[in-house]
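Structure first, then comments.
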Amino acid sequence: MTLHVAPAALDLEPAPLLSVANVSRFYGERIGCADVSFDLWPGEVLGIVGESGSGKSTLLRCLAGIDKPDAGEVLFRGGSEPLDIYSVSEQERRRLMRTAWGIVHQNPRDGLRMDVTAGGNVGERLMDRGDRHYGEIRERALDWLQRVEIAGSRIDDRPRQFSGGMQQRLQIARVLVSEPRLVFMDEPTGGLDVSVQARLLDLLRVLVRDLGLAAIIVTHDLAVARLLTDRLMVMKDGKVVEQGLTDQVLDDPHHAYTQLLTSAVLSV
Amino acid sequence: MTTMIQVENVAKTFTLHNQGGARLPVFDNVNFHVEAGEALVLAGASGAGKSSLLRILYGNYRPTSGTIHVTHAGRPVDIVAAVPRTVLDIRRRTLGFVSQFLRVIPRVSTLDIVRDPLLARGATPETATERAKAMLARLNLPERLWNLAPATFSGGEQQRVNIARSFVDPSAIMLIDEPTASLDAANRDVVVELIAEARAAGSAIVGIFHDEAVREKVATRYLDITAFRKA
Amino acid sequence: MTVHQMPADNTKPAYNYAYLDEQTKRMIRRALLKAVAVPGYQVPFGSREMPLARGWGTGGIQITAALIGPADTLKVIDQGADDTTNAVSIRKFFERTADARTSEATEEATIIQTRHRIPEAPLKSGQVMVYQVPMPEPLRKLEPREAETRKMHAWAEYGLMQVKLYESIARFGEVTTTYDYPVMVNGRYVMSPSPIPKFDNPKMHMSPALQLFGAGREKRIYALPPYTSVKSLDFEDHPFRIQSWSQPCGLCGAADSYLDEVVIDDRGGRMFVCSDSHYCETRRAEGHRGAMLGDAAASGLVEETNP
């Protein structure tokens, strides 16, 4: 069954936000990811699951404009014209990554400026786009800190004074403040305690729904995928072996590898 | 009468790749339809595949072959072939599933859980709150629990939250799997009333009811799925 | 006799005119032309070894050497003063190697090499300011990678610079940067003005003089052609402000100049005096008297000039 053939597509949106066609990335002889294609519509949350080394992080880097794929095309329709993100100038791509896109890294240190206060971290994207009113920037930063459940009184503290879970929430605020259309997340709950994970997951779930974000989430945790994503792609050895609605893939897995993955989990 | 579900030639076989490729045929050549205002009760012995069929209707299990057209936004849509976002839209607007268990979302209050479907379909917060409270009261859930997250509730309390959420704004099609399993007699009667009301308002119901008394009160028609069992 | 002149015995001179060989001067002039053409852009150049350590103004000295001719008058200031060791040494260097006339008078100079100050007297068309620059890259403390800062300049990605100002206001209620305060040049490049006090930043804006910046150790040259817009970075609700003092210069009474605090005895006595020594002397010669001039003259700190 091919999920892309849609006799009854309902034209909910005029066009996908992101169209990925035949993306491949090789490391010498070794396959990073091979021949990945999919469409992502506005407001959709796609999960990419698989074990370490399955190519999911490589794929994310290709999609997010960080690593140029060796073949294939990534088309973004955030503005009036569709944009092939690897044929536009680096300048345009960087602008896109600071405005219409957001990347949430697994390690908050990769996504935060550790020497800059929480307020400065959240305000940076606003200043990037030319905001020059200190009071307004601070107000927006305060608002976002509260939305990610960080007390406003911490606005002038630096991230290194924060716990791991707080750092991750700060990173999310820093990304979402510019109201991106598409967010990439690489193991957003990795490295956090289980109780901290639950809080972060719930927060992400609410934000993604309230803001109508499209998101691509890489995770090896099927419970995270179940809670946050609408659709799943299962990767093995660089290839997509199964994809579809999240609950379909998890409850009625067809591919041998997916069956192995889902049966290896106690309860999702 | 409007046909809400049209099932044609549906077959389902599970293939267990990690158990030597064992094939578990469930059923074959399933054909039936459900009209608006009907309550079709699935019958058959335990293990006959009633729950599997319900899950297939919901788009949760993928049939091996066949088509299932549900009437969504005024036209038939094959939920088997539909893309994920279409399936999600059908579930949001047309197709509800009432399971035995509440999937507990951490930190969300009972009232918010019940309000959510109303808000998603565009009700004002005031209306949504009012209707949610009325529904929780009707299911005899103590008011002191309304602002708590149901994670620590008993099985019966969680089930009632789940029922409240499903019936606060009944979908055009409702798939119901053992909703009364851990309820007392009084609450069972409320559920029977709720189903009858939804049906009267035009919902098409497909359900599995273990309790014979409930089944008798709810059903307008039975479908014995043993007939579809593969030999 | 100056060292570049022919010795009596007709052998070759010990050094070329203005110390640097002509090829090097040409290379520096080319870099200067490019810098003038793209105001605020840092042009790499082949910085030479000079007879003093890098960090002592070798960037400025190389620019001055590439510009100076026998008709020029050179003024050198260090922290506003003409008589500090560094200023005196650089003046002597060009007196010996380039036959240059030197002066302490801002109005007489055609080339003014400076570290840390812009003279108080307004600059004129035809004058050249040469700044010694230790750290030409305003983004360096925020972004250590050179490849990255080049891209940030190329595409005017200056949000991070603003974050630095934000941080200062968030922590101290105001921008606490008091020298080397970043500026936007010609609406395009963010530039380090060299470690001058922010008091001097407005003097760069639309100046009739040509302003050249040389960083010897970092091998960069940049420039402000005459009449270039130079705006100090700020926020709409926290506009850029220069320093001010509660009292005028103790010696000359000037209320419009940058003041240094000077400790005058070992009992905690202190006074504020102009950092620009020539400006202060000129005013005193014109008859301006500060409140503490008498005391200072009595204790031999300054000579009291009678109008």
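To keep things simple, chains are lettered A, B and C as they appear, and every chain counts its residues starting from 1.
Convention: a residue touches a chain if its C-beta (ideal position, glycine included) is under 8 Å from a C-beta of that chain, and two chains touch if they have at least 3 such contacts.
Quick caveat: nothing in here was measured; it's all calculated off a predicted structure.
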Chain located farthest away, centre of subunit B as origin (C-alpha) = C
Request  = Report the most central chain, judged by the distance from each chain's C-alpha mean to the global C-alpha mean.
outcome  = A
Request  = Could you grab the centroid distance between subunit A and subunit C? Build each centroid from C-alpha atoms only and quote it in angstrom.
outcome  = 49
Ask   = So what's the Cα centroid distance for subunit B and subunit C, whole Å?
value = 79
Ask   = So, what's the distance in Å between the C-alpha centres of subunit B and subunit A?
value = 32
Remark   = Note: subunit C residues in touch with at least two other chains are none
Key: Of subunit C, residues touching subunit A in the complex   = 151, 154-155, 157, 159-160, 162-163, 166-167, 169-171, 234-238
Task = Using the touch rule from the top, collect the residues of subunit A that touch subunit B in their complex.
result = 1, 3-10, 12, 41, 44, 198-199, 201-202, 205, 227, 230-231, 244-245, 247-248, 251-252, 254-256, 259-260, 263
Query = What residues on subunit B touch subunit A, complex-wise?
reply = 14-18, 55, 59-62, 72-73, 76-78, 80-89, 105-108
Touching residues on subunit A, where the partner in the complex is subunit C = 90-91, 94-95, 98, 113, 116-117, 119-120, 123-129, 132-135, 137-138, 155-156
